[in-house]
Amino acid sequence: MGIANGKEISTKQLCDIMEEAYRRGKEVLPQGKVATYIPELGKADPGALGISLCARDGWHFNIGDTNRRFTIQSISKVISLALALELLGMDKVFERVDMEPSGEAFNSLIDLDLISNHPMNPMINSGAITVANMLLGKMSFEEIQDVFRKVCEDPEMESNEAVFRSEMQNLSRNRAIAYLLQSKGILDDRVEETLELYTRLCSLQVTAVSLASMGMTIAMDGKLGNGESVFTGRTMEICKTIMLTCGMYDRSGRFAVKVGLPTKSGVGGGLVSVADNHVGIGIYGPALDDKGNCVAGGPILEYLSRELQIHLFQKNTYVDRMMEQR
Amino acid sequence: MGIANGKEISTKQLCDIMEEAYRRGKEVLPQGKVATYIPELGKADPGALGISLCARDGWHFNIGDTNRRFTIQSISKVISLALALELLGMDKVFERVDMEPSGEAFNSLIDLDLISNHPMNPMINSGAITVANMLLGKMSFEEIQDVFRKVCEDPEMESNEAVFRSEMQNLSRNRAIAYLLQSKGILDDRVEETLELYTRLCSLQVTAVSLASMGMTIAMDGKLGNGESVFTGRTMEICKTIMLTCGMYDRSGRFAVKVGLPTKSGVGGGLVSVADNHVGIGIYGPALDDKGNCVAGGPILEYLSRELQIHLFQKNTYVDRMMEQR
Amino acid sequence: MGIANGKEISTKQLCDIMEEAYRRGKEVLPQGKVATYIPELGKADPGALGISLCARDGWHFNIGDTNRRFTIQSISKVISLALALELLGMDKVFERVDMEPSGEAFNSLIDLDLISNHPMNPMINSGAITVANMLLGKMSFEEIQDVFRKVCEDPEMESNEAVFRSEMQNLSRNRAIAYLLQSKGILDDRVEETLELYTRLCSLQVTAVSLASMGMTIAMDGKLGNGESVFTGRTMEICKTIMLTCGMYDRSGRFAVKVGLPTKSGVGGGLVSVADNHVGIGIYGPALDDKGNCVAGGPILEYLSRELQIHLFQKNTYVDRMMEQR
Amino acid sequence: MGIANGKEISTKQLCDIMEEAYRRGKEVLPQGKVATYIPELGKADPGALGISLCARDGWHFNIGDTNRRFTIQSISKVISLALALELLGMDKVFERVDMEPSGEAFNSLIDLDLISNHPMNPMINSGAITVANMLLGKMSFEEIQDVFRKVCEDPEMESNEAVFRSEMQNLSRNRAIAYLLQSKGILDDRVEETLELYTRLCSLQVTAVSLASMGMTIAMDGKLGNGESVFTGRTMEICKTIMLTCGMYDRSGRFAVKVGLPTKSGVGGGLVSVADNHVGIGIYGPALDDKGNCVAGGPILEYLSRELQIHLFQKNTYVDRMMEQR
């Protein structure tokens, strides 16, 4: 099997590694807390944990609560960005959203108002709301949902109406961000429409398995298992880079060093991680750390990255060996 | 030749690519300005430009002013960090310096004072001064200089006394940073000693060629051309990640997307760039952009990255082909 | 006549002083600019200038465009605060709004989001929107308008519908502030209703004469010329202090030193100034400085303050003389 | 007796008021903490409290620990400012220091580095260090000390060498501020000399009685009891205004509203308060609140201000009566 980066690994070895990763994740769950800023999210089970790993051949290795549905939340930002890049092109997108990591909390207004006059990147709320505004009128929600379903190889994905309505009733901070963006000319007048689309995309329901498939689609540069291409390689290259530098809010730098995989989290407890060209990983664990990331994500991904030798800058020993033979 | 990532490339092709990159760099030089905050730096020739590319086999491809000596400045931060990691271990280093990209200008006090109580990362002045403090008493300047010489395969490297003295006389902002760090307990009482070491390391003189060798040493995980290992693979992995996320100040995110190579700049006009496992690139161009990075660096590296297919997330077609044959 | 603080002054002298003040104001008008963030405001005549001074005996001394109507804008914040203090009491009001000068621009979100979790004071937009929220349901717009008419001794005061509608269509920044306040629990759910009341109060139309009367009402601790009491002395004491420390945005400190009179400005070009117990001053000059204050206000009030000896801390020589005779 | 503002008050009444003020101060002492950032200051007795009130005729009314010596600390900023104003004139002083209240903590670098390029006002450390730099070379420490002695009618005032040395050894934050000021061209090269003068002035030892006299000198526009003029009226007018808007750090606004007296605090536990033209008040209480102000100061001064009717904007009924008789 070709899961690990440049070395053979047996199914038995992989299962052992997954089990140990799961055990390490389980161990830190008590340190996390379920998001409660929206009543519906507060109902999640803080003890839930699932890991799904999707290999190049499409095989999934699952452990724990991998079939439980939860809302995708901020992970939707990656697919929305990819769509905007395909529809408008890189220049038009990055005219309105920057691509710099932000040293602030994920929904901070400071950078936006003080440092720059643009959202710092498309992985924070201000940036993703701007991206949603770009999609308005170009694609309907249903069409976008179809793309989400394809990318996640999850044709039954639907939005959770209860969460959607609950979020719409607790939208004051995002509304503040959106109107601030409008006041700076970054959002057009369709503020409320934009907020609705943004929130609806956040309420789409996935599983750890669908996130692992999403990771694999990104790892394969937008190509699905059936060979169909959803996104271009250039779009995926941009998304992977931005996930790496900005995907974990103000813990992105630490994550890049310790895990070395483009990763995006959502307050619903989801996490998608990409070992380029090799593996997609999906995690579900609604117990969050103080930055709003799945608390088990760090220990699980750090362990998997090391054991599977998939850190971005880990030497590709198998490949090296082959090259040296030249 | 094995320069490009997974595809054969002829020497002629490479020379053409280098020439075009040089031409593009030359074109934007008039948009930049030589650093003048230190009188000695202001004497540099804004029209100077040199590119050196070092391949795996140790061959250098040079164009332009590649033998002119200039001070390494902030590029020294990478080697200092590597030394601290080797001497103290990752945990001890990152107890005192964080590893998050900073959305502020390279020498800003804001993040340090307001957001965090630690330097945001070792690539900004506050972080590098803290790293210098860690080295004090563990290695003499001469010993550190020896490591710099090895990493850059440049045994004649010496510090520029005029620049060193000029910087010591214009040190008020760094001195402010250092005393603020002391007030927060991050620097011990050897503040002036630390500033002197930090400044002396910044005043070491390199060429584009030595920077290309430095890039190659990092690309090869700390191994020199003669097989000697200066740093461990883990140390280099950390340095490459941090160069990628933080190496270009508040333009690091844009650089990661567009160039996709761990890169570090210095106000002396130097730039070192690493195509992991493949290529080291050194650039000299003292005309800087408004963020303090060599203004020609962006266009040159963007072009080289695309033509040589060495962007971090670019598909490794040659490798792919081999793997598919399995 | 008892206009000047502790010294006799003739009508002729006063007229000369007013003329010189007017001349000095006229002189700096070309340095200012009419507010254009709302199209309707942009129509004002940048050359317009009027000064009205109301003495203790009710006499008005007018020069220039003192009968032209313009929207009261932020000057309404003083009367709204006074109303909230009367209706809810000091403790309830300052639970939700702080009373510290803010070093930021008048509509900044930074302090609100980063430093404090409350509006810094009731003279900036976030604070005044919070105060408007306090008035909702306790008084109708018509009732509040009646108070404004009384305080300004201007029974014909009406809101300017064109400006009101224009502001409601360009409300994105205030809307951002209001929703941010809601997200922090400082505003209740009546956000849009609050914004409408706030904006409607801003669109009430006054003249320099009505503002001079307003200043006199405050100077006399809430007592009108006919002896009727609109506000208590304690409420006026608080308003005067806050006008002094916060009334001129981030130029309040300079104004307090140089002019030494509680003063409040509005982007419509109005300015009300209070020489406690002695004089009320109203100015109209829609050409604004870079902080959004009437550009002529500084030179005019600085001159009047010195010539009439009404600076807050100017020695009350006439009174002193009397006291020494005791 | 002419202590209260415009009304007769008997000695007995005044003693009762002082006693009640003292009782109220004593009550809140347990909520405060002695400053410990400098070991020497940490030795102060948190239970100590003294109030001294100086009337126009020079009489002092004392209660509690009014003869204990303590270091003047930041209260020295008022006299230093007055000296700089006399020596250089208003324009030259306010070219280098602004006069705006700062919404940040008393020694914050944020405003200085981010918002403005000047110290926000002369009552915070950055501003006072700049003022000390202005005095260098114009007056010796001994000459300045003589002025302090006069202003406080305290000919035996000396600096506390132990505190001075302790502060000089714990100066890193002020040193950071000073070098940042140098880097911005606000301080000249005599940084260490400036810090020494600044710190030495902070270590001068006063009593509550000397502070009450200092308050009276300011209240009388710079005139001593013996008729000698130390400062001009204009200088005192500026100092009083700045004490009012900036004297209590980021609680100045609240203090102005509730107490309504120009006041300055020091971390040594001192407080000087000025009822213009009427009374000087000195307080000693080293137990500080979280902003670094004497914790008992608020309740004591709020009570005295109300009972003695000396709030800045309180109606001067006695004077009014006289004026109405005209």
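By written order: A, B, C and D. Residues from 1 in each chain.
By our rule, contacts are C-beta pairs under 8 Å (C-beta built on N, C-alpha and C of every residue); 3 or more make two chains touch, one makes a residue touch a chain.
If you're wondering where the values come from, they're calculated on a predicted model, not measured in any experiment.
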Longest centre-to-centre distance from chain D, chain (CA-based): A
Whole-Å gap between the CA centroids of chain A and chain D: 56
Rounded Å distance, chain C centre to chain D centre (Cα mean): 30
Rounded Å distance between chain A and chain C, as computed from the means of their C-alpha atoms: 50
Interface hub residues of chain B, defined as touching at least two other chains: 114
Pairwise chain contacts under the document criterion: A-B, A-C, B-D, C-D
Of all residues in chain C, those that touch chain A in their complex: 108-110, 113-114, 172-173, 175-180, 182-183, 191
Touching residues on chain D, where the partner in the complex is chain C: 2, 98-104, 111, 115-116, 120-121, 221, 233, 236-238, 240-242, 244-246, 250-254, 256-257, 260, 262, 276-277, 311-316, 319-320, 322-323, 326
